[in-house]
Amino acid sequence: MKLSARNAFHGKIEQVHKGVTTTIVKVDIGNGVIATSSITNEAADELDLKPGDAVTAIIKSSDVIIGKL
Amino acid sequence: MKLSARNAFHGKIEQVHKGVTTTIVKVDIGNGVIATSSITNEAADELDLKPGDAVTAIIKSSDVIIGKL
Amino acid sequence: MKLSARNAFHGKIEQVHKGVTTTIVKVDIGNGVIATSSITNEAADELDLKPGDAVTAIIKSSDVIIGKL
Amino acid sequence: MKLSARNAFHGKIEQVHKGVTTTIVKVDIGNGVIATSSITNEAADELDLKPGDAVTAIIKSSDVIIGKL
Amino acid sequence: MKLSARNAFHGKIEQVHKGVTTTIVKVDIGNGVIATSSITNEAADELDLKPGDAVTAIIKSSDVIIGKL
Amino acid sequence: MKLSARNAFHGKIEQVHKGVTTTIVKVDIGNGVIATSSITNEAADELDLKPGDAVTAIIKSSDVIIGKL
């Protein structure tokens, strides 16, 4: 399936921290850059997310803020 | 100012495409990986965004979807 | 690819309305219920979206507000 | 009150799962299609959400990703 | 209808700027503080938004970033 | 750093409620108006958020819904 979301950063899961309903996933997308994602536990379980997994961090363009010094 | 948003990808603007109210900004965040952002024209004007500018793509963790093959 | 996003509504495109940078897509997800999506023109072009196409409207749970009378 | 949000899916709550700060709500929006929402506990309490309640899942168009095979 | 969204800022529309598909609405929420919203033209038309209208800017808590000096 | 996000509401933290992975922050932005934010615990810790802190609630225009009676 192709997605309209313009951002797809490939990487490897570094950490999965599960709460009661929400899981935080940290993905190394290369060169030490980390993408952090907050998802439901249900999603983390269904995708069986664990450190070392190859995953993609997907983000809609309308959710990307630009900062400039 | 420090931000609660967990994702901050540094890069260089590659392209700025302005519509009537909405501007699409493409940022090279390294190794040919492109982050795409959709912002208001007002923001693009106020930050004077143009190709070559050093910028940061900022994203809240709750906006990051995880995909796994 | 499996996605962490919990909402995936299958349907058929009813309308594609393209602006200068942003495209509005209307998807009939059954029983006359319409899902409306606002995406970049680039995405609409790359996915070659047109009326009649079978598509899925994908939404992260953190973007769903609950309303109750 | 009329809302600018273009997506309003009417349904019945199937499940409410409360964490320490975040609650997951599952809404049957018809034909076995489930909408999942992640909200604050405060909101779940204030709206007194419980299985069987008639509710509406509300989503802004800019939060809807399109997927196409 | 009560909404799970925790942020509801009441104010008066100051400006409506319509593009081809997307409209920018500026709302004075008091003391010179302006809330800016980007919505579909369809929504702006259906709600008949115009300067002077009393409106509410509604935002989900998961969309609010905290910045601290 | 200047941000493309069009909404920046200055205020004082009133409450910080920490869950296992997610923290709810309430900010008084003046005249008794409260902005509520849901962020990761990691962010709350890194910014050392506590009642009384001067902070800014930052929101992208595409995340602002307009409601009209």
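Going by the order they are written in, the chains are A, B, C, D, E and F; count residues from 1 in each one.
The rule we apply is simple: contacts are C-beta pairs under 8 Å (C-beta built on N, C-alpha and C of every residue); 3 or more make two chains touch, one makes a residue touch a chain.
Quick caveat, the model's predicted, so the values are computed rather than measured.
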By label, the chains that touch chain C as well as chain F are A, B, D, E
Computed over C-alpha atoms, the centroid farthest from that of chain A is that of chain E
Per mean C-alpha coordinates, the chain lying farthest from chain B is D
Rounded to a multiple of 5 degrees, the Cα superposition angle from chain A to chain D is 120
For the pair chain A and chain B, the C-alpha centroid-to-centroid distance in angstrom is 17
Per the C-alpha centroid definition, the whole-Å distance linking chain B and chain F comes out as 21
For the pair chain C and chain E, the C-alpha centroid-to-centroid distance in angstrom is 22
Chain C residues touching 2+ other chains are 1-6, 19-20, 22, 24, 36-40, 42-43, 47, 56, 58, 60-63, 65-69
So, in the complex, the side of chain C touching chain D is made of residues 5-9, 24-25, 27, 29-31, 33, 35-39, 43, 47-49, 53-69
Listed in rising order, the residues of chain A that touch chain C in the complex are 1-6, 37-40, 42-44, 46-47, 56, 58, 60-62
Residue set of chain E touching chain B in the complex reads 17-20, 22-24, 36, 38, 62-63, 65-69
The residues of chain E that touch chain C in their complex are 1-5, 19-22, 40, 42, 60, 62
